[in-house]
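Reviewing the structure listed below.
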Amino acid sequence: MADTAIKTFGGLLARQGILVAFILFMVGFTLWNPRFIDIDNVFGVIRSSAILGVMALGVTFVVIGGNLDLSVGSMLSFSAIVVLDLHENPAFGPALAIPAMFALTLCLGAINGFLVGYLRLNSLIVTLGMLSAIHGLTLTWSGGQNMDIADQGATWFGVFGRGTALGIPIPVLIFVALAAFLGILLAKTPFGRKVYAVGGNPTAATFSGIPRARVVFLTYLISAFCVAVAGLIQASRTMGAQNTVGQGLELEVLAAVILGGASLLGGSGTIFKTVIGVLILGFIQNGLLLAGLQFYVQFVVTWIIIILAVWLDIATKRGKLWSPIA
Amino acid sequence: MKTDILKKLVQNGAIWGFILLQLVFFELAGRYWAGSSTTFIDLDNLLLLLKQSAPIGIIAVGMTIVMVNGNIDLSVGAIYALCGIVLLDSLGWPMMEAMGDGAIPLAMLIALATGCVLGLINGLIVWKTGVDAFIVTLGAMLGYRGLVFMYNGEQPTSNLNWTMVDMAEWGIFGIQTPALVLLFVVLVVWLVMTRTVHGRNAYAIGDNREAAVNAGIRVGPHMLINFAVIGFLAALSAVVFYSGSGSVNPNDGMLFELWAITAVVLGGTKLTGGKGSIIGTLGGVIAIQLLRRGLNHIGADTETVNIVIGTILIVVLLLDRQLNRKASGELKV
Amino acid sequence: TYTIGITQNNVGVDSYQTTYEQAFIAAAEANPDVEVVVLDAGGDVARQIAQIQDLVQQEVDAMIIWPTNGQAVIPAVRQAHQADIPVVITNSNIAEEGFEFIRSFSGPDNVTQGARAAEIMCERFTAMGIQDEAQIVQITGQPGYTTAIERAEGFEERLPEVCPNVTLVASQPGNWNREDSQRVMEAFLVQYDDIDGVYSGDDNMGVGALNAALAAGRAEGITFVGATNFAVGYDAMERGEYWGSIYQSPVDDAEAALQTALDILAGEDVPFLNYFDTPKITQDNMGEFTRPVF
Amino acid sequence: MTGQTPALRLDGIVKDFPGVRALDGVSFTVMPGEVHALMGENGAGKSTLMKVLGGIYQPDAGRIYIAERETRMKGPLEAKANGVMFIHQELSLAQELSVAENIYLGELPRKSFGRVDWPTLYARTDAILEKLRVGFTARTRVGELSIANQQMVEIARALTVDAKAVIFDEPTASLTDAEKVVLFDVIADLKAQGVGIIYISHRMEEIFRITDRISVLRDGEYRGTLDTAQTDETEVTQMMIGRKLDLSRSAATVEPGPVALRVEGLSCGTLFRDATFEVREGEVLGFYGLVGAGRTEIAETLFGLRKPTAGRIFLKGEEVTISSPIDAIRKGISLVPESRKEQGLVLGMNCRDNITLPQVADLTAGPFVADGAEISIYDQYRDRLSIKSPSWRTLVGNLSGGNQQKIVIGKWLSMRPEVLIVDEPTRGIDVGSKSEIHNLLRDLARQGYAVIVISSEMPEVLQCSDRIVAMYNGTIMREFTAEEVTEDSLIQAISGLNSGAAA
């Protein structure tokens, strides 16, 4: 009995090193400050991680498909600015602003997808270029001004960022629902399988009759869709946005995805692990804030935790602590 | 044979062709469109360009080595800032202050050593834990930045030493110190990468890690050295830049890594390793710097600059692909 | 005609800087004797130094700099000075070592602004009768920027002078970013059961903190004070949710800088420190001010 | 021989991988000046044993003796230092580096300051290349070489040091006859110098041509050593697979049906020109030619991977254009590609997912992939092709080379195509499975499939085909029927000697 329990735990450790790292880490912080595990705080962390998290879900698809997406941060600024601006436009109002924003953001994703998928351009450079170009586009749209909802009381727009249902914040619900949906899409459907194949070996995928370009294209559309959702939450949460709200998020998102164990070479990773990655980052930030540490101490601790977590993950997989590299 | 050479020239020369194109375009656009009174193609202007390319350029050279080796370093921006702080702060230590200007070379050495150590830490973690360099240096990007802030809180670290500024602004034939250092670094690293055993092994490791291991190349130490070198070069870049500016913002150097990588890739280095050229990287750095200055020259505003730079990056990639297109009947994979 | 070059800190990062740029260009266009070269450093010191060098190379008649780092630009400013180009510093000043190379500073006094914010906060606490027990938190701007540092400095120095028993329990940066500040405030709210006041480096962040408090249902008892009165802050004041701020107009800021440069070119005497006034604004006196345009 | 000290002795080597014991107490001795064959089915543990010897894997138990001195191979470097050279089964080259740098990988000659001594490097390399009679130089970039020539670069490494023992792991899998002759000369030279040679191959004729003794592994266990001179194929095979093997060709019992695929004047740039041929249902058409003759390119064109520059393709009498592999699959064409690692497999995916990859979109229950259907396809082809894998969850990258190849074949067989093209189908496959695959191909034809077999092995085309197309340098030289073909006429046709005598 105890024996099997140990065995199961050993197996879990080997397969889900990152999950174990997460649990250890949560226990550690809770011992330090019991408030950490307070239900309000937990919801608070998940709620504020939701934006990063939703973006990371999309980027997981792109990364498993063997590419990068560095444009998500500046795309987030774009979608938030656009939805707010259209919201204030009497011709649109919230009901039209949201679909219009989704359409425009998906167009940007389609550009990424077209360039990387169909034209086969290097995704790092393409999305870096798009990072810059979309920022320019956002500035042009807003004229460089912050966007705000003038009469916050008169709109239901805030529900996406501030509302709750059954006592659970709506952003948390969106994040969980989207994670479940995309998790199933990736793990259980033919499309998901194709994403893994294209990321794992694009040539072999082509030889197997998988439309490589279209699959890559779709991963970027998914990524853009997630950014649009995140942008909606963001805009609704703050009821206003600067042109730079998403700046720098691209690397944080990537860190979460990688921390979850997706390989940058493509072909591996799961939505579940990405969620863990997001939560680890969210709880590190929150835990250190609660511990009253300076934000730069957070940086250093995040560094150490990222490396320890990934190390633990791969060390359990290979069954050895140290790398065999000579 | 002849067409082969021509093809190679076109392939490797794409970036230089692009630079030439930019020069001509900005000269003409500046004169006839923006009505600028100054010329763009002008020796002083080009020398200034080279000088301004130095901070990113020196780092990009290091990035080329690491990328050829099959790794990447995202922490260079933070190393750059941290070494800048070490340089300026160490000048203010009582012992060093007592030495007067004689402390300058010592401070520079301390800063360079710091860079090496930071690079070594990255390299050691990559080697010993087997965690991917992308993750290790992504973490270090945060961690080292944290150290930058710890050093002096959120305040800039300043120490304006006019002797050092004069050194940075010194030059011969109008080529100022930063440009000289950049050219020197390019030359030395080019020699190392093309002529030495270490350089060739770095290519082999990046090209086919398993083959290198099978052949008995000790992959770890080579990676370690290369991380130390990029740490050193990031520090050198900091020394060159901060001796001329005298003050470090704690968030200086952010995004340097991305621009350095962009320059390296534009210069023809493969992201997956095994292929790349230092000279190409120099071209990539100059091309990007030229683009920025050119856009300023013709009076483009912030949003236009952003849009154009983004678009150009993609267009260059597209052109490069067109130029390097395989023969007809290519395998459609 | 005169050619005047300006290199700005980071256009587009917030409405203030954008409005400043627009106002500057508008002012220059209104004056037939001026041509301007407008550059943006994008917050990057290295790029700003390069731009100063470029302007020297282009032999502009005068140069206006909104420094990204008040120390780092000094050697570049010296180059301009050596090339006999008069330099005006705008919005946030450079360090004293550089004063000999510039002709004038034109902008707000950020230390005073911080001090005034402390006074607003203290007056409010006194009116509420909690000046001896209040606990406050601070959300600062982008770490490393002069404006952020000076405002925090002014606030932290002045507060104990006026309200010695108020404690500043925590300070975290909000990076001039409403979302960041909202996140920081959420954590503060979990961490501290008793928060009586929030000082933010600008209203944009202040409104982020306000949003967090509203969401947690704790906004009622908290006094929010900011700086650089943004339209959102003004509106929140009007609704009675936000207490006070410092009124600072980017249009005044831009026009003052251009005028200073023109005065210098015209050979007039200009004061070395050319501060424009930035008054306190609170719910009590906001009627005296128009709603900010940014 | 018994009086000599062995060049190499392995004693009780055990090696475990998660889920498999790859080696189970293997002992094995190589004398100096001996060519010692190591044989066994796919997955028997040959490559693993050699990797233990080469320092790439650490054994879980057992000892290694070199010249009767116990030695621990901590890594490839120690192996090399102890005089053990290893020519790997899978190409182990840096594509962007020159031939010389690859041959001396890990031990480039040095000058002061760590500089590479280029003149010495090139001089030494040229000397080796001369011995190998190859058509490229020391400075050529390896990526520009054909697979066969890359294999020669790999082989050249054996000549760089004074080795005590050299391991060749399936060196001939992608060599042509001309290069094989060179390789055998090299081996003879080494042998004359008293080097102990371990030679792994699935090709019996080679084994009997060059080796002195044969050791056999089965399921990671040592089965015994035979004297080559005193044994024959049957005995070796029986030792390997534990039963007798029927090597006879299964006769075609059906009359060929209507034409399934007809190609008229198909050309693709300079790769191949004016190819005209047809294949009927119930028939196996063989393509034979030297490496680079353009057979693979024809197959790729038929599979929609290349755009033809001229010519027409008819499927069941109807003209079609095939624009992509998706298109080809939809029209009933399957291609088993020639390079399993690059084109055939996603190494990071498990066995089941690889096999069902081309049809995953059809194996659905509602919007989801149907797990059960997938596993039953896997089980079916595992049994049919006797794929040796711990479970369907095993990553394909962890299978032995031959079993990987079987996965690729299974993947395309399970598509039940009308036209099945197989390109070098048995590269790296053991004799038992090889004849199984040959018979399988013939069975498929009997069931009404049209099969095209591309191969560089003459016995294979002879064994399988009803008709044989001989190619030389991008053109079809001649077509033979199974009855009229002789080895000589085939060799003549593929060397472009009698271009006049078209059938």
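Letters A, B, C and D mark the chains as written, and numbering starts fresh at 1 in each.
Quick note on the criterion: a residue touches a chain if its C-beta (ideal position, glycine included) is under 8 Å from a C-beta of that chain, and two chains touch if they have at least 3 such contacts.
Predicted model only: the values in this text are computed from it and were never measured.
K.L.:
What chain lies farthest away from chain D once each centre is taken as the mean of the Cα atoms?
P.N.:
C
K.L.:
Comparing the two chain pairs, does A-B have more C-beta contacts than A-D, or is it the other way round?
P.N.:
If we tally the contacting C-beta pairs, A-B comes out ahead.
K.L.:
What's the distance between the Cα centroids of chain C and chain D, rounded to whole Å?
P.N.:
71
K.L.:
Cα centroid separation between chain B and chain D, in whole Å?
P.N.:
44
K.L.:
How many angstrom lie between the CA centroids of chain A and chain B, rounded to a whole number?
P.N.:
About 29 Å separates the centre of chain A from that of chain B.
K.L.:
Which residue numbers or ranges of chain A touch two or more of the other chains?
P.N.:
Answer for chain A, listing residues that touch two or more other chains: 135, 139, 144, 203, 206-207, 294-295, 326.
K.L.:
Give the residues of chain D touching no fewer than two other chains, as numbers and ranges.
P.N.:
Residue numbers touching two or more other chains: 75, 77, 305, 324, 343.
K.L.:
Using the touch rule from the top of the page, what residues of chain C touch 2 or more other chains?
P.N.:
If we look for residues of chain C contacting two or more partner chains, we find 11-12, 21, 143, 173.
K.L.:
Considering every pair of chains, which are in touch?
P.N.:
After working through each pair, the chains in contact turn out to be A-B, A-C, A-D, B-C, B-D.
K.L.:
So in the complex, which bits of chain A are touching chain D?
P.N.:
The touching residues are 184, 188-190, 193-194, 196-197, 200-201, 203-211, 267-268, 326.
K.L.:
Along chain D, where are the residues that touch chain A in the complex?
P.N.:
Those in contact with chain A are residues 75, 77, 303, 305, 324-326, 328-329, 335, 337, 342-349, 353, 357-358, 360-361, 363-364, 367-369, 411.
K.L.:
Sort out for me which residues of chain B touch chain C in the complex.
P.N.:
Contact set of chain B toward chain C: 38, 44-45, 48, 51-52, 55, 149, 154-156, 158, 160, 165, 168-169, 241, 244-252, 255, 292-293, 296-297, 299, 301-303, 305.
K.L.:
Within their complex, state which residues of chain A touch chain B.
P.N.:
Per the stated touch rule, the residues are 70, 115, 119-122, 124-126, 128-137, 139-140, 144, 202-203, 206-207, 212, 248, 251, 254-255, 258-259, 263-264, 294-304, 306-307, 310-311, 314-315, 318, 322-326.
K.L.:
Write out the stretch or stretches of chain C touching chain A in their complex.
P.N.:
11-15, 17-19, 21-22, 143, 170, 172-173, 176-179, 182-184, 186-187, 190-191, 204, 207-208, 211, 215, 230-232, 235, 294
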